[in-house]
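Shared between the two complexes below is subunit A, which has subunit B as its partner in the first and subunit C in the second.
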Partner chain A sequence: MARAAHPGSMSPSKPGRTRTAPPSMPPQFPTSGRYLSYTLFGMTGILYLLAGFVALRVVWALGDGPAAWQGIQQQLANPLYVLFHLLSLVAVVFVGVRFFSLFPKAQPAKIGPAKPPPAPVLTAMLYGAWIGVAGGLALVLAGGIF
Partner chain B sequence: MKHLLLKLEPLIWFLFGQGIMIGTMLLTAWVAVVGVGIPLGIVSADALSFERAFSLGSHPIGRLVLLGVVALPLWKGAHHVRHLLLDMGGHDRDALVAPLLYGAATVGSLLAIAAVVRL
Partner chain C sequence: MSEVTKTFVVTRFDPDKDEAPRQQSFEVPVQPDWKVLDGLNYIKDEIDGTLSHRWSCRMAVCGSCGMMVNGKPSLTCKDPLSSYGDTVEVAPLSNFPIVRDLVIEMDGFMEKFKAVKPWIMTAKEKAVEEGTNRQSPEELEYFKQFSLCINCMLCYSACPVVGNEPDFLGPAAIALGHRYNMDSRDEGSALRNEIFRGEGTVFACSYANECSEVCPKHVDPAAAVNQSKINAVIDWATSFVVPRGGAK
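And then the complex of A and B:
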C-alpha cells in the first residue's frame, strides 16, 4: 500500500525562472455583486464563534446550580445580549438558506453506484430536517413538549 | 504548522461541515428561544426554570444536543473566519491566525464536553 503523499510533494524543489503572477482578487471583492453575500456568509463565522462561547457560558452556569442559572438568565436579558442574539438569529437563517441552496449543487454526480437524489428532493429534505430539528428543539426549550 | 494544518484539514472540514449543517439547525432553536424568546418575554421563563433546564440538559440526549449547540458553531465559526481573513489578504498571518482560531474551537469544544459531563 502506497504511503500518503507529503502535502508539499508537488512543489518544485527550486523555484523556476518563470514565475506565475500572484493571485489577486477581482475588483468586485469584497462587497460588490455576488461577493457581498459571499463576504457576509464568511462574516457569519464571527457570530457563530461568539454564539458558541455564549452557549458554553449558559451550559456551564447550568452546571453551577440555581443561583448561577438565575444570574446567566439575567445577563441574557441585557439589551446588548438580546441584540447580539437577534443578529445571530438573522445570521443563522442566512447561513441555512444559503448553505441548503448550495448543498445540492455541490453534490458529485455519482458516489460509486449511488446517485444523489434530484436537487429539488435534496433541498426539500434539507429544509425538512432544518424545520424538524429546529422546530422540535424550540418546542422542547419553550416547554411545548416534554 | 502549515503541514500540520494540511494533515488536519479533513478533520477540520468534517467539523466545519457538521457545524454549518447540524450547528445551524440546533443554533436556530437555541438562539430563538434562549437568546431572544425568553429575554423578551415571548416565551415564559418558567419553560427554562433551573429544575426543568437541568432535567433536560442532564438527559443523555440533552447532553448531546448541548454539546452540539456549543461545539459545532465554534468549528463553523473558526474555519469561516480563517478563510475570510485569507480572502482579505491574510496569507502572511495565517500561520498565527489559524492555530489561534482552531485552538479556540478546540478549547471551547473540550470545555463543552466538561460542561455537559458535569450536569
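And then the complex of A and C:
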C-alpha cells in the first residue's frame, strides 16, 4: 500500500467542483526499487553528522593536551569506532560514485561560448581528482609528506 | 493468435459513492501483441463500461494514457502486456489527486506549466518585413532534447519531491522552461531564471533522477532541472556586472 502524499500535491490552486481522492506517493517509495538508492543516499547524511561530532571531539581533545589526545586515540581504536569509520568510508564511496555518475549531465550545455568537455572526460577528471586528493592525504597521514 | 487470460487489478474511485479508492479485478483474455491500454479498453468495451481512463493516440505521442502499472509509472499504449505476469495492477498516476478511477486531476499540472512562461519571449517583436528568426542546427541541438516532452506526467508521478512539496514546479515544467532558456530566439531567460531561483523551483530538486528513468521520450528532465540550477546561479551572479536586457 502506497504512503499518502502531501494532500496538496499536484492540486490546483482553486479546487474543482468534483470531489477528488487524495494523492498517494509512488508505491515503491522509499525502500523499494531505485528509490532505495536515493533513500540510502539521503541517510548517509546521518553518518556525516556523526562523523562531524567525532571530528569535533578529536579536535577538542587535541586542545586539551597530550593525555586527552592519548585517551581519544585509545577510544578510536575501539572496534565500534573502527566499524563506524568503515561505514563512513562506504557512505563516502557510495555518495561519490552516485554524484560522479550524475554530475556530467547536470552541466550546462554552454556558458557563453564555452562548452563542457564530453561526459567521459568529466567523469575521468572527477575520479582523477578524487584519487589524487585521497592518495595525497593518505601520504600525509602516513608521514610520507611533511 | 493464441489468447491467455490475465487478471487486471484496477483502481476504482467514484466520487459520488466511494469514500476512498478501491481495487477491482477483471479477467481479460489478451492477445500476445496487446499493450496494457488494450486490456483496459477491453474491460471498458466488454466487461464494465463505467471504467474511466484517458487515452487518445495509441502511439506514445499524445501523453494521455500515463498510469501506474505494477507500481511503476508507464505509458500504457507503449507498455506490452507480455512483459507482465498473470496479474497486472493498474492505478492512477501517483502524486496526483484522483478524479475518477484511473483519471487524475491535471489542473495543478497546467498551473505549474504556465508558471515557467513556456513561450518565446522577445524584448521587441520583430516586424514581418525583417524576415524569419533563423536558427542553426547547432543552436537547435541545445534544446531539442527538452522539446520532445509529451506532457504525459510520468515524471511527476515518479518524483519523491513532488509528493512531499506541493509548491515544487516539477520536472516537466522546469524542463520546458529550460528548453526556452536554451532557445537562441528567446530573450526571456532572465525572467525565467528569476522564477527558477524562487522557492519550490529548481533548488527543491534533490536529484533522485527518477523523472529521467521513467521518461518514455528520453527527455532527461533531471538534466534540465540541474542545468537550470547552474544557469540560475550564473544569471544571478552576472546580473551584478552585466546590465539586463531581454524580455520583461
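By our rule, the second predicted complex is superposed on the first by the 122 of 146 C-alpha atoms of A that agree within 3 Å, B and C clash if a C-alpha of one lies under 4 Å from a C-alpha of the other, contacts with A are read in each partner's own complex, and residues count from 1 in each chain.
Going forward, a contact is a pair of C-beta atoms (placed from the backbone, for glycine too) under 8 Å apart; a residue touches a chain by one contact, two chains touch by 3 or more.
Just so you know, these numbers come straight off a predicted model, no measurement behind them.
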Between subunit B and subunit C, which one contacts more residues of subunit A in the superposed model? B
Tell me which partner A:42 touches in the superposition: subunit B (first), subunit C (second), both or neither. both
So, does A:13 touch the first partner subunit B, the second partner subunit C, both, or neither? second
Partner chain(s) touched by A:30 [first = subunit B, second = subunit C, both, neither]: both
Just to be sure I read the superposition right, which of the two partners does A:89 touch: subunit B = first, subunit C = second, or both, or neither? first
If we overlay the two complexes on their shared chain A, which of subunit B and subunit C does A:121 touch? Say first, second, both or neither. neither
In the superposed arrangement, does A:81 touch subunit B (first), subunit C (second), both or neither? first
If you lay the two complexes on top of each other, which residues of subunit A touch subunit B in one and subunit C in the other? 6, 8, 25, 29-30, 42
Which stretch or stretches of subunit B touch subunit A in the complex? 2-3, 6-7, 19-40, 43-48, 50, 52-54, 56-57, 65-66, 69-74, 76-81, 83-84, 87-89, 101, 104-105, 108, 111-112, 115-116, 118-119
Subunit A-facing residues of subunit C, complex: 13, 15, 18, 20-21, 68, 71-73, 91, 94-100, 104-105, 107-111, 142, 156-158, 160, 162-166, 170, 182, 206-210, 213, 220, 222-223, 226-227, 229-231, 234
Interface with subunit C, subunit A side, in the complex: residues 2, 5-6, 8-13, 16, 18-30, 33-35, 38, 42, 102, 105-111
Using the touch rule from the top, collect the residues of subunit A that touch subunit B in their complex. 6-8, 25, 29-30, 39, 41-56, 58-60, 62-63, 65-66, 69-70, 73, 76-77, 81-82, 84-86, 88-89, 92-93, 95-96, 99, 103, 129-130, 133-138, 140-143, 146
